Each structure stands twice: as C-alpha cells, then as structure tokens.
Amino acid sequence: MDLSRFAFARPHVLLVESPGGTASRLALERVLRERGWPLTDSPADADILAVAGTGLRPYADRVWAQLPGPRARVDLAHPEHAGGALDGAQRALFDGAAQGEDAATRSGPPSDQSEGDGMPAGHGMPAAHGMPAGLDMADRAPDRDGLLLDVLHVPWGPALPWWPAGLVLHSRLQGDVLAEVEVSWVGDARSASSFWTSAAEAVGPARTAAAARLDALGRLLAVAGWEGERLRAQRVRDALLDGGEDAVRLAGLAGLQRLHQRVGRSRTLARMTSGLGRLGGGDVTARYRQWLTDAIAALESGADSPVTPLPDDLDDVLTRLLTGTEVSSARLVVASLDPWLTGALVAGAARD
Amino acid sequence: MSLDLFLLIAAALFSVGLYGALSQQSVVMIMMGLELMVNGVMLAGGAYWWFVAPASLDGQVLVLVALVVMAVEMAMGFAVTTAIFRARDVDLTDSAADLRG
Amino acid sequence: MEELGAALVLMALAAAVLAGLYAVHLLLVVDREPLAADPFLSGHPPTEHAVSRYHVRWYAVTLLFLAFDMEMVFMFPWALVVADLGLAAVVEMFGFLAILLVGVLYAWREGALRWT
Amino acid sequence: MELVLAVAFGIVAVAAAVAVFVVDSMARATYALLVSFLAVAAELVLLGSAYLGVLTVLMMTVEMAVMGVFMIMYMMNPAGLMPMSMVHNKRGALSIAIGTFVVLGAGALLVPWPSRTGEPPAELTRALGFSLMGEHMLAMIVIGVALLATMISAVLLATDRGRYDRYGDELERDTPRDPVAGGVGR
Amino acid sequence: MTDGLALWGAVVLPFGLLLVATTAASLSAALGSAAAGRAVPVRTVLQPVQEAARLLVVRRRRTQHPDALLWRLGGGTLFVTAVLAAAVVPIGDAPVLRSEVGVVWFNAAETLLWAALWLTGWGGNSVAGLIGGYRFLAQALAYELPMMLALITAALGAGSLDVVQVAAAQEDLWFVVWMPVAFVVFLVAALALSFWGPFSQPAGSDAAGGVLAELSGVDRLVVLVGRYAWLAAAAGMSVPLFLGGGAGPLLPSWLWWLAKTLAVLAALVWVRWRWPVVRVDRFEEIAWVVLLPAIVVQALVVSLVVI
C-alpha cells in the first residue's frame, strides 16, 4: 500500500466546529497548519472530516456520508488529543482493505446511508412524490427586481467551515442573493466565551485579547479568500496562546504589526469589504481594522483591550444586515460579527 | 466538396430554425430558431464566397454582418423578454399577444 | 484550412490524455462505482433541486457585452491595416469605440453594471 | 478527406439543430445550439475562411453562454426534470419547415450556379480589413450607431431601476442608492 | 489538412503543458508552506504529483439527478481548450500550429471556458456549484473585453494576427515597454480566466468551493489540471505577445521562451498568496469603467505610434 501512503501523506481535512468546540478547533487548526495538511471547503474534497467538539451530531453525520472515500473521521472532544486523532485518521486512510469495505457498504442512494435519525427536514417541505429523486422543484417568489423567479431554500451552517459554531442561517436564495434570512442556533449561542475566559487565566488577558481577535481575523480572511494571510494570522494567534515568557508577546507583537501592514492597510481587501454590514457606524472593514489595532494595543499595554459593544439582539441585527446581500457579502458580514456571535469578544468585556 | 452540398446543409439548418421559430411558444426558444436560420445564412454566405466569387469580399462581409445582426437580435430579444416577463410574469408569445389589447 | 485539421488532432490528443487519467483512476480507485451523495448544504438535506430559474443579477451587463463584443468582429481585421491606411482608419475605429463607450457610460449611470 | 469532413460537420450541425428543439433541458438545448454553430464554424474554416470560422467560435460561444443565462431564467423547469411540451401548432410549423427545405434544397441542387471566377486574396484577413475600412465603411458606421442604440434601449427595457431611483428624483445624491454596491463607488 | 501543424509537437504539447502547469503548482505549494511558517523541503515540488495521486485513488461522486453529460463535458473542456490555446504559442520561434489568425484562435479557445465553467457549475445540481458557475460568467463578462483589446493592441503593434509575427515585431523593443497597460490587463485576464488567486471567486471558499464543490476523484483532477494548464498557457502566450518571444542573448530561443514563461507564471502564482479574492460584484464595475477605457486609450496610443 505504498501508493496510498504517498497519496494520503497530506490528506485534505474538512474542519467544522460544534458549540463549545473552540479549544478543539484551535488545536486541530494548529496541528494541521504545522503538518501542512490543507483545510478544504466541501466534503467532496475532504479525506478527513474533523469535528471540533461533539455537539454537531446529526449534521456532521450527514456531511460524513458525503465524503467520497477513502475517508476518516475525527470527533475531537479533548483538544490535547488532536495530533493523535489525526494520526489515527491518516492510518485509516492508508488501510486500503478497510476503505474498500467501507466503500462497498455505501452503494445505495444517499438517504439510506446517513446514520442517525431525526434529521431536521429543512423548512418542513412535504415529501415530494413523483418528483425526480423525491425532491421538489423550486417555487417562485417575488423579488425586489420585479422578476418572479425561483427561490432555493439554502441553509448555512452549522457544519460549515469558517462559520460561527452552532449558527444556522436559513436563507431563501434568489440567484446569489439572500432574499430572506432566519437565524437559529444549535446549542449555546455564546459557546466560545468559556474557552476565552479560561485562556485569559492561562496566558493573561492581553495575549488572550489579541489572540481572540486574530482568530476572528483568520476566519474572516479565510472567507475573504486570502489563504496566505489567514495562515499568518493563525500562526501569531497560536504563538500567543502558547504560554511561555514575555518574548512570545513581543514576537506576537511583531507578527501583528506585519499583519497590520499587509492586511489592515490592504486597499484591495478594504474595497471588497467596505460598506458591508454597517452597524453602529462601522462596516466590515472598520471591524477587522479595529481588531488589529485593538490587538496591538493590548500587547503593547499588556492589558486587556476594551470590546466595542454590539446590540444584545444580535440575531435580529444579523437578519437585518444579511437580507438582500449576495452570498459572499453575507459570509463576510457573518465572519465580521463572528467573535460577538460566539462570545469570543463578549467574554473579554465581561471580565472588566 | 461542392456548392450544392453546403447549400443543402444551409437549407436544412434554415428549415429547422424556421420550424423552431414557428412552433415554439417561448420568446427565448423562438430566438433560438431565428439564430439557426441565421446560422444557415452564414454557411450559405461562406460557401457562395468560396465557390462562386472568392475575389470579391462581399460574401465574407455578409457573414460578418450576419454575426452582428445575430448579436443585436439577441440583445434586443433578451431585453424585450425581460420587460415582458417583468410586466406579465410570462415569456410566452401566446400570452403576450393580449398585451396589444 | 489547416486550422481545422489541427484543431481535430489537438482535441483528440488532449482528450486522449484525459481518457488516460480516467483509465489510471479505474485501476487505482477505492471503488469504481461513483458515490451517490447529497449536495453539500452544511449538513442539511436538500429540499429541492438546485437547478432552477436562477435569478441572474447582472443580466443588463450581458446585453451591454453582446453589443460591445461585436466591435471585435471589425477590430481584428482593422488591426492589420492601420499601418497602411493611416490616420483615417484610426479616427474611424476610435470614433466607433467612443460611440460604444458612450453606451457604457449611460449603462453605468443607470446602475446597469451592478447587481440588481 | 475534405468532403468527408464537410459531410460529417454538416450532419453534426443539422443533428444538433434538431436536438435544440427535442431535448427537455434548457441547458442542453442551449449548448446543442452551440454545437451546431461550432460545426458551421468548422465548415467555414473548410471553406478557406479561417478568420470567419474562428471568429464564429469566439462570438457564438459567448452568445450561447449568455443565451443560457436567459433560457435558465425564463423557461419553466429549465433542467428538464419534468418533461413538458412547449410548442403550438407543431404540425403546421413542421409542414412549413419541410416545404421550405424542399424549395431551398431543390434550388440548391437545380439552380445552375455560376462557376468560380477569381482567386481569394493571399492575405484574406488583411484584405477584409481593407474592405471594411474602404468600400464597406458604411456598414461599419451603421453598425456602430445600431450597437449604441442597442445598448441604450436594451438597458432601458431590461432594467427595473434607473438613474432616478439611484440618485433621487432631482439626481441630487452624490452616491447612488443601490441594493448591492459596486466597485467604483458612483 | 494539417500543413501548419507540427505533428510530433502536437503529440508532445499536452505533456509539455502538464509539465509547465505542474511547475506552477509546485511553486504554489512552496509559497503555501512558507505562509504556514513551515520549512520548504525540496520534496515540496512533488506535492502536485501527490495531489494527483490522491485524486486518482479517491472515489468519484454523483449528486442527485446531475446532468452528468454536461458536467463531465464542462470539466474536460478546460484542458482540451488549454491545449488548443497553447498550440499557437511559439515555443521560441516555432509554434505547434502556425496560423495567420493565431491571436483570434487563442481568444476563441479562451471563450470556450465560459461554457466549460458554467457547465461544471450547472451539471452537479448543487447550489454551491450553481453560484460558482454563474460567478464565472459574471467574471468573464468583466475580463473578456479588456483582454480582447489587449490581444488586439499587441496585434496592432505588429500589424499581424500571427503570433510568430507578433513576437518577431518586437526585435527592437519589447511590447511591454510601450504597452504596459495591455500587458497588465492581459495578466489580470490570465488570472481571471483560470479563476486563480484574486479571481478565484468562482471556486470561492465562501460558497463551499463553488464550481469545485461537488467534484471528487478524477473528475476534480481533470478540472484542476485544466485550470493549471490554462494558467500555463496564458503565461506562455504573454511572452510572444509582450515579452519579445524567444528573443535573448546566448541561449536558444526556446529556452528564453521557457524562462520568460516561468517568470510570468511565478508572478501569477505569487499573486495568489499576496492578494485577497476580488469579488465579482465589485470587479464588474471596475472592469467596465476603469479597465475598459484604460485599454482603449492604450490601443489608441499604439495605433497612433504605428501610423
């Protein structure tokens, strides 16, 4: 089986985060980055499904059924096991015989393969009989453009990479525009706050404040399609969360200043994000720039950085901001609100 | 190769296009029929140029003009279809006929 | 005329390379039967077929493009004779282009270059 | 060899043309039409017009891609998953079409076409350039104006919003109000 | 029938294109490793081969009610058209196919990408693919006209549509020197047509991979190979159009062509790691009201110089 050892020396990983899985996600992201295993966007390209945390059961199972195979799965409850779990997954990919058996069990239509019951049935569509593949044809609905064209019911999250843990966005898509949006949550909405609170106890408030913002920045950059800088942001973030002496903070500061130069001052990124998701006078551009300046300020002062407060009814705000945007704008807006939605930044404020 | 052969193919294309233009209900499908007819004209123009009067470039220019006419026809056709669809929520000629009344 | 024969030969050779890839795939793949899978929807089942009347938000740009594109029909032969014909050909072609750019300007002001 | 290719591409062109009105999926219909155009482009290359042939490939691919956009937008059931008939007066249309083919085909075969006079110019595309800039200049001027008219009327007809929706009734706003912003800012 | 075609060259061409394309993928892999803060060992150059092996082992997928014919046709068209486009590129002095309309030929092969990408997006019956396919069409509407004008500007400078003659016309002065706008526009178009780097929104992460979303196994490999092949073909074309073709001292002309092509390719790959994705809904307006007038002015300048 030399071939599969060669082929899967660098398996592609689909990483999704379940509520409360922040620690596991960070651990997985770090190991993957260090090994150079790429993160991928869809199950079709994935060899390994990595679920950070354990609260995503039915959704992760359905995604699992979509991995073409050879496939392996990591459900990571304890962040310290990230490396070992990924090693095990890779060994499973090497095992051609077992993969062949797994593939043989999956030859029917997809509905027979999904494990676990009680799948949430989208928008409660009645089962369509006599329709091809038992799926309905899309129906039409009015649009702001005055053309009565088809609407697709497209859910975003929770088993979606670079997406706030547990957020589910049910959208009605007309073309690439989200005509209507409905927000709901799987599990606890502010599930990341406990992780960042405990991180602050471990490595201090300043470094945590910077790391939380870098984490948000990395996720935004991933959605904005800037892989190189996403990797750099995560590198600095991981260094800051490492513990250790003051030199780490200074190295982190240097990395942050470089990011500020490259990302914060990027005119291309600013042009692509300006005017999106206006909230309290700031748009997406203003928010990621604020993260960078706040992170630098925190490291320079050695103290926590104050968090810009956002409205409490963030779900309603999200609905309002996303209605009528096209898909890439919507993803950017969600990513720019990610740390508030998951509680990563709220936690910092709570300690003041 | 002879002129007859190409003209025969062109005639076939033209006739298939004519059938489409006459039988289809949807504006966009009618346009596809018209396009096929122009397609036949283009082939006939190219063949006529090659087999009859290669020294003069009229045949070549005819094909170019046919290409442009096709594009203009398409742009206007799509614009009209969009306008009709916006106004009446249909793109069928049968249903659009009563726009006159 | 040689272009046609060349195109056919090249297409056949390129297709042969792709066919070779598929052949190697059949030898190596874990299971030859393609996996029947749902489309990726973040872990939700699909409720309807995705192929539908897709509301293209930039249809006005396509119309603009169709018209402007026709310019190129004339511009390729024009490029060969500019040096011989001199200023008259330049004035004529760029007059033509200026007319079309007026159309673009108009469309821009009407907001036709943006998603509706 | 050339005869074989000419016949083969002729068959492809006509078969694809028929397929346009036979297949259920609008995507397939659109790209069947493209195949028909590509086959005719191949015939044009066979007929010594390399420029016209390649240009036809270029223009028709783009136009069919655009046509696909509108086909998918406005046709019911664009993927043809639920086959349905969208024709009227099929029999009449068919008989007219066949009649036309018989007349045109008979003309093609029976008319004594003049025999070939002259030779094509050595550098055909260049000659075409001289011709367009010279004797056929009127065609270019007319087409230029026609294209402008097409642009303006197509935008006017197709779009729902215009400058008054964007800049206000008096065109008083500096920045337009649009559902989705553009890259230039005006 | 095939007078202008160098037959043995045609046989070698697909493989040569694959080789150059693999070089681009290797370089991209190295830059990615560096960005992740990892060492870049020599074996990184094998990474594209490794990826190809992976995709050959991985199973193919079929979504519910796909239009499999159009789906696969679209994916395969990418590579086939890349080979067609590369055929008119003079490798040094001689292209595989010498055609008097080589520039238009390249352009025509490129427009087939409109069909290819849209079909790849449509065929899978998946929302992500659909969004990606339509994004590519929107992107094509933006880059196509500037690119056509850039091609014409180079042809204008040489007074010929034959790529060999365009390269030969730069004996005294490379076109890039006095057609910088056309060169830049051509490179932007090269990125956009191979939906690469800043113009990779048709395969964007924000839409779960867009046109690539449902592709696995060899089906995905075919599309990726086609994409890299187009990147290589476009880089290769930029050399005879703007960078003097095979001109250069001492070395044989084909080697000069290769060196210049690899340099352009390296720049295109580097851009991927240097810039974020340019969103189509914003790029559309920029292309029409900034790029298009700019390249028209460039063409005007060139035509005034020519007469």
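Lettered A, B, C, D and E in written order, each chain numbered from 1.
The definition used in the following text is that a residue touches a chain if its C-beta (ideal position, glycine included) is under 8 Å from a C-beta of that chain, and two chains touch if they have at least 3 such contacts.
This is a predicted model, so every value here is computed, not measured.
Minimum number of contact steps separating chain A from chain C: 1. Listed by label, the chains touching chain C and chain E alike are A, D. Contact count check for B-D and A-D (C-beta pairs in contact): higher for B-D. Most remote chain with respect to chain D, judged by CA-atom centres, is A. Among the chains, the centre nearest to the mean of all shown protein C-alpha atoms is found for C. Farthest from chain B in terms of Cα centroid separation is A. Mean C-alpha position of chain A lies 31 Å from that of chain E. As a whole-number value, the distance joining the C-alpha centres of chain B and chain C reads 21 Å. Per-chain CA centroids place chain D at a distance of 26 Å from chain E. A straight line joining the Cα centres of chain A and chain B is 50 Å long. For chain B, the set of residues that touch two or more other chains comprises 64, 67-68, 71-72, 74-75, 78-79, 82, 85-86. Contact of a single residue of chain E with at least two other chains is seen at positions 1, 53, 56-61, 64-65, 67, 99, 101, 104-105, 122, 125, 127-128, 134, 144, 161, 208, 213-214, 216-217, 281-282, 284-285, 289.
Contacts with at least two other chains are made by residues 2, 27, 46, 48, 50-51, 54-55, 58-59, 62-63, 66, 69-70, 72-75, 79, 81, 123, 125, 128, 132, 143, 147, 150-151, 154-156, 158, 160, 179-183 of chain D. Inter-chain contacts occur between A-B, A-C, A-D, A-E, B-C, B-D, C-D, C-E, D-E.
By the touch criterion given at the top, residues 82, 85-86, 89 of chain B touch chain A in their complex.
Within the complex formed with chain B, the chain D residues making contact are 2-3, 6-7, 10, 13-14, 17-18, 20-21, 29-30, 33, 36-37, 40, 43-44, 46-49, 52, 55-56, 59, 63, 66-67, 70-71, 74-75, 86-90, 92-94, 96-98, 100-101, 104-105, 107-109, 113-121, 124, 127-128, 131-132, 136, 139, 143, 146-147, 150-151, 153-158, 160.
Chain C meets chain B in the complex at residues 59, 62-63, 66-67, 69-70, 73-74.
Remark: chain A residues 3, 16, 42-44, 56, 58-63, 65-66, 68-70, 96, 99-100, 103-104, 106-111, 119-123, 125, 132-133, 135-140, 143-145, 147, 149-150, 152-160, 163, 168, 174-177, 326 touch chain C in the complex. Contacts from chain B toward chain C in the complex involve residues 64, 67-68, 71-72, 74-75, 78-79, 82.
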